[in-house]
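Both complexes shown next keep subunit A, but they swap its partner, so subunit B is in the first and subunit C is in the second.
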Partner chain A sequence: MTETVKDAEATPDVEQPYRELGLKDDEYARIRDILGRRPTSSELAMYSVMWSEHCSYKSSKVHLRQFGEKQPPTDALLVGIGENAGVVDIGQGWAVTFKIESHNHPSYVEPYQGAATGVGGIVRDIMSMGARPVAVMDPLRFGPADAADTRRVLPGVVAGIGGYGNCLGLPNIGGEVVFDPSYAGNPLVNALCVGAVRHEDIKLAHASGAGNLVVLFGASTGGDGIGGVSVLASETFDEHGPAKRPSVQVGDPFMEKVLIECCLELFAADLVVGIQDLGGAGLSCATSELASSGDGGMRVWLDRVPLRDATLRPEEILMSESQERMCAVVTPDRLDAFLDICARWDVQATVIGEVDDSRRLTVEWQGTVIVDVPPRTVAHEGPVYERPLARPTWQDALQADDPSSLPRPTTGEELRATLLDLVGSPNLADKSWVTDQYDRYVLGNTVLAQPDDAGVVRVDEATHLGVALATDGNGRFTKLDPYAGAQLALSEAYRNVAVTGARPLAVTDCLNFGSPEDPAVMWQFAEAARGLADACLALGVPVTGGNVSFYNQTGDVAINPTPVVGVLGVLDDVRRRIPMGFSAEGEVVLLLGATREELGGSEWAHHMHGHLGGRPPAVDLAAERELATLMAALPGVVTAAHDVSDGGLAMTLVEMALRRGIGAAVALPDDAFVALFSESAARAVVSVPSDLVADVERLASSYAVPLTTLGTTGGSTLAVDGLFEIPLDELRSAWQGTLPALFG
Partner chain B sequence: MRVGVVTFPGSLDDVDARRAVAVAGGEPMRLWHADEDLRYVDAVVLPGGFSYGDYLRAGAIARFAPVMSSVVQAARGGTPVLGICNGFQVLCESHLLPGALIRNDHRKFVCRDQELVIENSTTAWTGGYAAGQHLVVPLKNGEGGYVADDVTLDRLEGEGRVVARYVGQNPNGSYRSIAGVSNERGNVVGLMPHPEHAVEELTGPTTDGLAFFTSVLRATVDA
Partner chain C sequence: MARVVVDVMLKPEILDPQGKAVAQALPRLGFDGITAVRQGKRFELEVDGEVTEERLAQIRGAAETLLSNPVIEDFTVRVEEA
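This part shows the complex of A and B:
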């Protein structure tokens, strides 16, 4: 029997399995307090998923507030934190919406479907703002490249991202692939989507206007992704029901592609008052969030939801995370037009409820009321925790373990060997094995994609307006110093956008950490959030939204704290973008920015010595800002630009040379090792036709950016004066061989 | 000159094909899978993508779409038809072209800038190229391995119906490195790589693909 509100009132003392559903004693008591009675089984299911860490941000909320409190003054932000995704004004009446999310745990359990549905979920978030998705990116982190489990997880994740994203027709324009032992058993699969929308077409997840109808459209609801609710269904209600449901969702990208086109037609015909995607927590989330953000209440007839599996119980229908579903609020006079467009795309659409002025969310099942709650208490007023924090006891020792005592290459021959070794190391090697499985061309607007510093897509064909996007994160830097590490992640993404000639505008972040119940992890999180918020303020780029992923740990061992930061920039004319590769012989190669001896957490220390200790490179946000301002003045002057980061100047030069097979000859200052492999921030390399060098020097000096002349492009080698010369073919084979050898 | 581009549910590169037609100077027309009306177009492009999710087999369901009965009839009457990637699969499933496309031999989706050589420059879609001309255009497919029996392959080669071949590494295990074939009359061409993604310097690796679209405009004028 399905439990009704009347049943719950009549039997106040029934034992409920709230602990199995992840609710604490005091959380359960609070639900009883809110309702003035015990919850029904359906209500308990709803609260348990909506008050989960994933949905409620209960451990992170107090720290995330800083992103609003320290928001830099900006008029670019049209929609801020709290909606499905932030929306940024890029001019000419265009806006873009972008967001990054994690799908870490599902991708470890079932790499293909976990990663695929991660793409699907973030794409629906973007659609629910009224935007057309225009590109995706995937920052990925795995355990050691040669570990057996990495060979299980990585190919599945990559195939899943490709299999889903390629079938949606969204170009994949960048991301990262990073290997580190700390991610063994805890791969990080983050997914970013960006969409474009005219200002007047922005949609919000609000259910307004009593009498308006709630329409569920897209795929039928099945038993996938139910997770903890199966506890409730099987232990309390139906001993003979289905066993534990698979808790990883299964994606159907074709359905999603059709849903995208259907939604865009609905938006174009102005048939939607409010819209919400169904992702985590399924209908529980969609209905409570729509109702909570609206001006009234909502009544839902749950037995009208089309099912893939007729045996599903109401609790399961409320919790199901079946993919490719959307929920819209539609005025009654537009319903027929709405349903006609859905029919044209063969998309199933069903009226499952209506907006009313009750200020309650009620759910009915076969004529009885099974949920009757104030929607805000489900969606927006969940528990908030001030978790204890403690600087780890090992932090001082870690920072004291400086890399200065590690043996360094000194002779030309040693430096040459070190460079070749690093070029082929898994973190620095060519990532084509991964990115060649993604379609970067579809939609025909991709101007730059990996391996360029940022992905660049054209938004308006008539005016050439476009956006640049980059994601970065460095778990090693963040472990050494969480405050600085988060700032360095932002600095790098900001710089990667700037070196394409784009103006950085806004930020999205995916904060991947261990267990918030560990005070050391919570300290890392708090420091990283504080660092990121401070740096966003200093760089003038607001956080528009994002995601927190906790519990990335095996036993007591947490991953390296890994804030992944996405920066969005605007290019008024994408034809003026600056690519990363040397494009002509005989041009002058310049280093912008200052190099210090900074090897803590570097790729050199990591790969050559397996060492992690000391301090990360110094953060210099003023220098980042100056460099970005300078770069914005350089389109049309420099022919290539590439940021200096992982692997230092050496890697930057190798990548610039290999891009189009044009070498370079450079001379370095006294300590060639530091010059080549230090990872000092706020640096970039540019190539310039010789007659324009004076222009760059003048501009650099006016923006106070240090400038060093390194040498000249040309030839088929990378030559470092007096030290070594490596043919590009040799570099290329070292660079390209690693991933195919590992993954086939 | 009106060139129709069919949109099936799951078509992805239809926008790009329409853009390529426009860049070439033609008038792109949208054709809908559920509509038999070809809107008096002079040529038809079946674009890339995953029509009907590629369920059952790539192109197998699209073949039965109402628009395809008109396309097949028009093709038999001499109307130029180009099937790109998924469109090539649909043309094979419709028996307008011989052979079939199967999963890449390395079992992975592949997206790369691919070198091709044009072998037949007399079809409706390749008249703007010289035989032996090399191009670089994007290739992106999961099921791009062209297969046919030896008799068919010998006949295709003997009759000059291999329109393009891969140069260098065979990206998908296609027999005899075949990237595209035509029907006997030369008005129907199937091609696995994507010329519509190589029509603008800004977004393509080259503009080598544009001549497919300018060729057909000239062919339809001449006809």
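This part shows the complex of A and C:
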């Protein structure tokens, strides 16, 4: 029998399984306090999912506030943190909305479907802002490339992203693939989506206006991922606990494609007052968030929800994470028009409730009330924790163990061998094996995609207005120094956007960490959040939203703290973007920015020595800003630009040369090893026709960007004066062979 | 020679987009009265010699690791008489 509110009132002393649902004793006591009675089983289900770490941000909230408090002054932000996704003004009446989220645990359990539904979820977030999704990106992190579990997880994840995104017809324009032992058993599958919308068409998740109707539309509700939010995302995954394994969510990209078109037509006809996608916590989340953000209350008839499995209990319907569903608030006079459009797209749509002015969220089941709660207490006023923080006891020893004592290559022959080894290392090797499984050009507006620094898509086909997007994160740097590591992630993404000639505008972040109940992890998180907020302020790019993923750990061992930062920039004319590869022979190769001896956490130390220690490269936000300002003046002057980061200058030159098969001959200062492999920030390499070099020099000096002439493009080798020369063919086979050999 | 058949079906609670698409297409083509469709796959394994218990156990192992994805699928193994 379904438990009603009356039943709960009549039997106050019934034992409830709140601990199994992930609620703590005091949280359960607080629910009883809010309601003035014990919760019904349905209410308990709702509170437990909505108060889970994943939905409530209870451990991270106190730190995330800084993103608002330290928000740089900006005119660009039309909608900020707190909505489904932030919205940024890019000019000409256009706005873009973008957001990154994690789907880490589901992708470990079932790689294909986990990664696929990760794409589906973030795309619906973008749709719910009123925007047309235009591109996706996927930053991925796995255990060691040669580990058996990586061979299980990686191909499934990549196929899932490709399968869902390709069916949906969205280009996948970038991301990352990183391998590190700390991600073994805890792969990070982050998904970003960007959508475009006219200013006047932006939608918000509000349920206002008593008498308005709540319409659930899209797929039927089944037993997918029941408890997935509270159980999967809030507890360390335990392979000995099969009882906790939820049913996996399976995505249907063709349903989602129809849903996108249906939503856009509904928006165009102005038939929607408020809209919310159904993601984690399903209907519990959608109804409580809509009601909480609105001005009244909401009444839901749960037995009207179309079911795929008729045996589902009301608690399960409330918690189901079935994919491809949306919830809209519609005025009664527009309902018929709304339903007509849904019918035309063959999308099932059902009125499941109405907005009222009760200030309560009530849910009825076969004529009885099974939920009667203040919606804000479910959606926005969940528990908030000031978790204890403690700088790890090993942090000092880790920072003291710097790479200066590691043996270094010195002769030309040794440097040559080191470079070839690094070029073929899993982290630096060609990622085409992954990105070739994604459609990068569907929709016909992709201007740049992997392997370029940033993905660039055209937003307006008439004016060529477009956006550039890059995501970056370096867990090794962040482990060495979480404050600096988060800033370096932002610096790199910002720089990747800037080197295409775009103006960086805004940030989204996906903060992947271990257990917040571990004070050392919580310290890493607090430091990273503080670092990121400070750096966003310094660079003038506000955080518009994002996601926190905790509990990425196996037993007591957490992943390297991994803030993944996405930066969005605008290009007023995408035809002026700067590509990354050398494009002509005989051009001058210049290094912008200063190189210091910075090898802590570098790819060289990681790959050649399995070493992680010392300090990460110094953060220099002023230099990043100057470099970005300079880059914005260089379209039409330089013919190629590429950021210097993982693998140092050596890797930058290799990638620029291999892009179009045009080599280069360069001369390096005294310590060639440091020049080649140091990972100092705020640097980029550009190629310039010789008659324009003076222009670049003048601009660089006016923006105070250090400039070094490296050499000239041309030939079919990469030659370093007096040290070594490597044919591009040899570099290419080392670079391209790695991933196919591992996963092919 | 004997034949062992492995039938693989999505678990009942898992969404089956292909089955759903077929179910939606049926009435459009005039095939009425079918309320739901679940689509699975069938493997026919030709076995050399007699199908022993040991061989069947081996095939179950293969079904569990290669032929099906036990996270989302169930399978059955049976011997088909010649």
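Brief remarks follow.
Basically, the second predicted complex is superposed on the first by the 724 of 744 C-alpha atoms of A that agree within 3 Å, B and C clash if a C-alpha of one lies under 4 Å from a C-alpha of the other, contacts with A are read in each partner's own complex, and residues count from 1 in each chain.
In this section, contacts are C-beta pairs under 8 Å (C-beta built on N, C-alpha and C of every residue); 3 or more make two chains touch, one makes a residue touch a chain.
Note that this is a predicted model, so its numbers are computed, not measured.
When both complexes are superposed on subunit A, subunit B and subunit C fit side by side without a clash. Look at A:D224: by the touch rule set out above, it reaches subunit C but stays clear of subunit B. When both complexes are overlaid on chain A, the residue A:E110 reaches subunit C alone and has no touch with subunit B.
Greater residue coverage of subunit A by touch, when subunit B is weighed against subunit C, goes to B.
Of the two partner chains placed by the overlay, only subunit B lies in contact with A:R458; subunit C stays clear of it. Centres of mass aside, this uses C-alpha centres: at subunit A, the angle toward subunit B and subunit C in the superposed model is 60 degrees, to the nearest 10. In the superposition on chain A, contact of A:D252 is made with both subunit B and subunit C. After overlaying the two complexes on the shared chain, residue contacts for A:G162 are found with subunit B alone; subunit C is out of touch. In the superposition on chain A, contact of A:W345 is made with subunit B only, not with subunit C. In the superposed model, A:R440 lies in contact with subunit B only, and not with subunit C.
Distance between subunit B and subunit C in the overlay is 5 Å (nearest C-alpha pair, rounded to whole angstrom). Subunit A residues in contact with subunit B (one complex) as well as with subunit C (other complex) are 252, 254-255, 346.
Every residue of subunit C that touches subunit A in the complex is listed here, in rising order: 10-17, 20-21, 24, 69, 71-72.
Touching subunit A in their complex are the following residues of subunit B: 9-10, 12-13, 15-16, 19, 48-50, 52-55, 108-112, 138, 140, 142, 194, 196-197, 200, 202-204.
By the touch criterion given at the top, residues 109-110, 113, 219, 222-224, 247-252, 254-255, 308-309, 322-323, 346 of subunit A touch subunit C in their complex. Those residues of subunit A that touch subunit B in the complex are listed here as 159, 162-163, 166-169, 252-255, 257-258, 261, 345-346, 435-447, 458, 461, 574-575.
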